[in-house]
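In what follows, structures are represented as structure tokens.
One chain, subunit A, appears in both complexes that follow, with subunit B as partner in the first and subunit C in the second.
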Partner chain A sequence: MKRLIFACLMTFATALPSFSQEVTNTVLDNGMEVVVIEDHRAPVVVHMVWYKIGGADEPLGKSGIAHFLEHLMFKATDDMESGEFSEVVAENGGSDNAFTSYDATAYFQRVASDRLGLMMSMEAERMTDLLLTEDHVATERDVILEERAQRVENRPGALLNEQMSAALFMNHPYGIPLIGWQHEMEGLTREDALSFYRDFYAPNNAVLVVAGDVEPDDVIALAKEHYGPIDANERLSPRARPLEPVPRAPRRVTLTDERVGTPYVMRNYIAPARRSEDQSEAAALVFLSEILGGSSATSVLGQALEFDQKIAVSTWAGYSADMLDLSQFSLGVVPAQDVTLEAAEAALDAEIARFFETGIDPEQFERIKTRIRANDIYAQDSARGLGNRYGRALTTGLTVADVEAWPDVLQSVTPEDVMTVARKVLQPTHSVTGWLMAPDMAEETVQ
Partner chain B sequence: MKRLIFACLMTFATALPSFSQEVTNTVLDNGMEVVVIEDHRAPVVVHMVWYKIGGADEPLGKSGIAHFLEHLMFKATDDMESGEFSEVVAENGGSDNAFTSYDATAYFQRVASDRLGLMMSMEAERMTDLLLTEDHVATERDVILEERAQRVENRPGALLNEQMSAALFMNHPYGIPLIGWQHEMEGLTREDALSFYRDFYAPNNAVLVVAGDVEPDDVIALAKEHYGPIDANERLSPRARPLEPVPRAPRRVTLTDERVGTPYVMRNYIAPARRSEDQSEAAALVFLSEILGGSSATSVLGQALEFDQKIAVSTWAGYSADMLDLSQFSLGVVPAQDVTLEAAEAALDAEIARFFETGIDPEQFERIKTRIRANDIYAQDSARGLGNRYGRALTTGLTVADVEAWPDVLQSVTPEDVMTVARKVLQPTHSVTGWLMAPDMAEETVQ
Partner chain C sequence: MNRLIPALFVLLILALPARAEVDIQEVTSPGGLTAWLVEEHSIPFVALEIRFRGGASLDDPEAQGATYLMSGLLEEGAGGMNAREFTEAKENLATSIDFDIYGDTLTVSSRFLTENREASGDLVAAALSDPAFDDAAIERVRGQVLASLRARATDPQDIARDVMARAAYGDHPYGRYIGGTEDSVTALTRDDIVTAWQNAIARDRVYIAAVGDITPDQLGALMDRVLGDLPETGKAFPPEVEFAAAPGVSVTAFDTPQSVARLGQPGMEISNPDFFAAYILNTIMGGSGFESRLMQEVREKRGLTYGIGSFLVDSDYTEALMGSFSTMNARMSEAVAVVQEEWRRMAEEGVTEDELAAAKLYLTGAYPLRFDGNSRIAELLVGMQMDGYDRDYPKTRNDRVNAVTLEEANRVAAELFQPENLRFVVVGQPDGLDATTE
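Right, the complex of A and B next:
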């Protein structure tokens, strides 16, 4: 068992609320990782089980199965009725939920600290004894299909995202939608779900994260009691997804849909993610995102396109550092009335070119450094925020040590680092550009 | 055992050489299909074994393994030295080769008829007793990597094709290059090859095609003798590749490479392939391809862009009907000097629009019908051509009856059928457009 002190950086110009955390991590005999984050600010605990399995690990032709199984985990087990899990949590004054990402599937409950053992007993139960009836599977398949209808089919912007990712990723399953392709979702069966469950839901593929008003020894004792008896899955093989080939050519996607009220242009570049013991590129990309698109009033794109040239009503830049294999760096412009997507894209390209020439304003850089430090602190404001930080990291190839190092890595980024990573990432051949527009705009804006 | 008479259509205005074939097909007890095509024009026989396994059946992350294994099948077996197979064929006055497609892997020899049994004994030997040494695997991996270097890396047009297919197919493995992504080819191992071999090289996954100066009863007796004793693979599951989602948005890819001497624009649309008992759409697409791009002097694109407007030095249309799941319909324009790719693409689009308005010239249609009939006859000019026809069909979901029906299906296509399939297939949302150009053209032609 390793015990680590994780003290927040406190060198603020402005005073920010903060506290010190003790983080304990260990591994049970069956391979289950345990992370305990002490946070005694409130008498609550967040109990999370993170499985190292997500949308990018799905078998060929079974897109959506990771998310589907997440839904089905709230159905019956040997000892619980369908829906009983959440009912018990609620009866105990708690709340629970779950989510699926490309790299992880997580289940969590927020309850009073003295209910932790109960949560573990129920979570251990559904790690091993899930029962699925054909009825439950059929009902829940309708639920996920409706979810897709609402979140994707009814939203042209989501459809564009789907098409852009499919065009950007030539080989990696990040190009397949997390919720699933509709035609494959329609064919998902009980056996598909059970097979995925048997293959990947096991203690040696899971990380237990407990954050809150607890003592590490108590948590570990409870974990041994409830999760310790579960057998490891000896057939579990290391995660290995197909990687991307060298990208050779810029790609473009134009989605025309009569429901589009606000047209826009966006561009996604393949970008590195945080890597264990090698987080500096990702940290520089966090800065690049803030510099180019962080705040309308001060960002490079906001100042130029919204305020100076007045050709955009909004601009953005986006980057998520926490991915197992690869991430995307995203830029976008919503043009002002009567500005074509073509003109908006040309202005975006001109602004990027100008950025490479003029570099980074030192004052803006310092402001952003302060803001990133503040965001980092705010994210620790809840036990759940703390738990997420560790769970996400430990399911995307990082370690507790990487999580601890991250604030320092961020604070040590220099403007030169940012320009270096910008030159590496913002290459046209690594990108897909998307246009979202209504049919009546097609005549005006596409040659 | 089923015995079928396949007589060529003989209703020609111009006399074409032809002959009648007898086609016999049966299935051995171990599931191996046998097709015998009698062709007594010359005392030779073509012996082919077609496996129903190809590039689109490869495990995730193992692109190129189907083609790699094809190479390795010429290495040692229990009873043969590496290279001995081809040496024995040559010593017997024959020639041999093999090829891999997305849907099949085929091995064939052309020898004097009395050597058929010898060919079968050797082919049966390498169906079961392939031995692979680490040395052979390493050497041959260098060979396929060199093949990729020559055929793809050194050819910007091939790189563009690769990128276009990756952008067009969002889910189906037809979007992954048949020869493999370089980074995955580099990692292919002996165990990968043996695992693929054990999973898919089995009599119940193979079609034996023998075409030439043989009697069906003799061939079947030999097949029983040599292939009959091989056990079926009971673990073999039906082929099921991930299918494409509904395409929503036109895609574009621009490949800029300093080695490009001849820039061009091309567009690929996802198109249906021949389907068993439902070949009429594919037949109409064969006509569409001929009508739009078949011959410079008379095709729609050739006449308009090369001869009338003189803005293209060449144009083409392409379609391959023989794919298991899906095919592509392809159009291309090589612009004349000083004509930009943008102008060439605009002219291509204008010509397609005009085609939808004016429809098909009846005289052109009749000429094309005659040419297709002639092509069909010419393709039967060799035993190998005949064998290919059946082998390809039987490994892409078709039957002997479909092969026999195909000439009639082609001859019954009407101009209306062609316009209907053109409207269905030539939709921008179903397409990817590629530009191939040199860097110095980028400034002129891309906004």
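Right, the complex of A and C next:
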């Protein structure tokens, strides 16, 4: 066991105050990783189990099975009725839920801190003893199809995202929708779910994160009691997904839909994610997204397209650093009413070209640096948010040491680093450009 | 210890529910403003929550959307700074200031590092009492609002909200979307925006809470710094209005695979002695989580939806009981029938002793967990002030939940749940669902 004091701000000489966060981590004998984050302000604890298995780990033709299994994990086990897990959490005044990403599936409860052992006993139970009936599977399949309709089929913007990802990733499963393609979801079976469960739900494929009003020794004792007796899955193999080839051509997608009220253009580039002991490119991309698209009034795109040229009602840049294999860097423009998507895209391209010529405003760079540093103080206000940081990191190939180094890595980014990574990432051949439009606009374009 | 603690044992433990452990102080500034404060010096920042009662409901009928547009302009130039300079000043301090507008309130949520308290206060003060409202900013933000209105016009969720509001509240401000219409927003002048600002932002309607690394004296000085220059009074509040949507089902045709439904009927005022019973009943019917009757019947048993919930609306000038869900077009008619049956069952049969006990356990156990995080606590404190509660409310609230008896609950169930007055607004192309009202 290693006990660490996480001093995120100590090394900076500026006026910002220092603040320390206590984080403890260990590994159980069966391979389950444990992270404990102390926050004693309120008698609350967040208990999370993160499995290192997500949408990008699904067998071919079974898209959506990771997320479907997440739903089914609330059904019966050997010792619990279907729905009993959530019922017990509610009786204890808690809330519980779960989520699936491309790289992880996580289950969490937020309860009074003296109920932690009860949560662990139930979570340990469903790690090994899930039972599924055909009835439950059939009904829940209807639920996930309703979920897909609500999140995707009813939203043209979400349909465009699906098409863009499918075009951007030519080989990696990040191109397959997390919730699944509808036709494959319709065919998912009880056996599909159970086989995924047996292959990947095991302590040596899981990370326990406990954040809140707890003592690390108590948490580790409880973890040994509840999770310790579960056998490791010795058949578990290292995660290896198909990787992307070198891209040779820019891709374009146009989605036309009656339900589009506000058209927009966006472009996604394949980008590197944080890698263990090698987080500097990702850190530079965090700065790049702030520089290009932070707030309208001070960002490169906002200033140029919204304020100066007045051709956009909004602009954005986005980047998520926490992915196992690859991330995306995203740019977008919602044009002003009388501006075409073509003109908006041309203005976006012109602004990126100008950015490569003029470089970074040093004052803007310093402001972003200050804000990123202050965010570490504000982040201490949410134990759950801190827990998520560790859970995401430990399920995307990073270590506790990487999480602790991240604030320093961010603070050591230079404008030159940002320009270097921008030149590497913002290449047309690495990108897909999407237009979201209504049919009447499509006609105008044809004329 | 057992792998699974038997449920009975759990119930016994819970006979003594946790209490919310926040120590709320009342602070009066030298200038006469009052705030609630929770000191929390372990993290060097402060969450400051300011709310002005009234919000978008103060819109003049001929200037719909003016308050909404105005609230979007407060940080687009103020105190002699243009939008860029204002944002740069904020970013230099790593301060966040967010203005939001709702039917009943204009909210100002700010978060600043301890050492930047005064400079951050000056920025909030400038935005509230000295906004520029310059023409370039008005046109830019107007463009954003118009774009969002066009997006709403083809979003089935938004269409359903608007149809329900119009059906329930007609010409009252609650009957309209707070952002206005494309026509009304296009026609707004700078004078309309200045009037909306004078109407909405005044000392006679302000509620303040602070949580974090700040003392009572420091908060007193900060309040005067931020709000000292504001005018004493604003516009008179709108009248009360009854929820008056015609009962039955209306269908608004919209070409999309999944229909969206909203339901509504008259509700109950928060000051009503039966409100706690109503609150418990709604938790049983459609509260959050998987345990509610609606989630069990519509999702868990039949797979008809991804999520369904109901909620008590206790706005300043009306009360309603509402709900929402989405279902594939082919199955909407079945889902509506299930909800109607649940409404009837609740009105006629009420709840069981077990359901009441489970809901109480959930509500009393969950309540202390809400007081988690400076920003969250500040929001709760300001909400309690607006609802007219005392500072000791967090200490007595669970007792009030526990005091509701089965007899009371079932008397209130029969009054509150009115299947004969329940209105469904459905947007989509639901198969075989007959509209019974327009």
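As a working rule, the second predicted complex is superposed on the first by the 434 of 447 C-alpha atoms of A that agree within 3 Å, B and C clash if a C-alpha of one lies under 4 Å from a C-alpha of the other, contacts with A are read in each partner's own complex, and residues count from 1 in each chain.
By our rule, a contact is a pair of C-beta atoms (placed from the backbone, for glycine too) under 8 Å apart; a residue touches a chain by one contact, two chains touch by 3 or more.
All figures in this text were calculated on a predicted structure; none of them were measured in a lab.
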**Study point:** Simultaneous placement of subunit C and subunit B on subunit A, clash or fit
**Key:** fit
Review point. Which partner, subunit B or subunit C, is in contact with more residues of subunit A?
Key: C
Review point. Now for A:G261: first (subunit B), second (subunit C), both, or neither, which partner does it touch?
Key: second
Review point. Once the shared chain is lined up, is A:A42 touching subunit B (first), subunit C (second), both, or neither of them?
Key: second
Check your understanding: Touching A:R252, do we find subunit B (first), subunit C (second), both, or neither?
Key -> first
Study note, to complete from the structure: Check: subunit B-subunit A-subunit C angle from CA centres, nearest 10 degrees, reads 130
Exercise for review: Considering only the touch criterion stated at the top, classify A:G61 as touching first (subunit B), second (subunit C), both, or neither.
Suggested key: first
Study note, to complete from the structure: Once superposed, subunit B sits from subunit C at a minimum Cα distance (Å) of 14
Review point. Looking at subunit A, which of its residues have contacts with both subunit B and subunit C?
Key: none
Review point. Where on subunit A is subunit C touching in the complex?
Key: 15-17, 19, 41-44, 74, 79-80, 83, 86-96, 110-112, 117-118, 121-122, 124-125, 138-147, 149-151, 153-154, 225-226, 258-262, 295-298, 303, 306-307, 310, 313-314, 334, 336-337, 363, 367-368, 370-371, 373-375, 377-378, 380-383
**Study point:** List of subunit C residues in touch with subunit A within their complex
**Key:** 1-5, 7, 10-11, 14, 17-18, 21, 40, 42-45, 47, 76, 83-84, 86-88, 91-92, 94, 111, 113-115, 139-140, 143-144, 146-148, 150-156, 255-258, 260, 288-291, 296, 299-307, 326-328, 358, 361-369, 371-375
Review point. What does subunit B use to touch subunit A in their complex?
Key: 60-61, 63, 159-160, 162-163, 166-167, 170-171, 173, 175-176, 181-184, 240-243, 245-246, 248-256, 342, 346, 434, 447
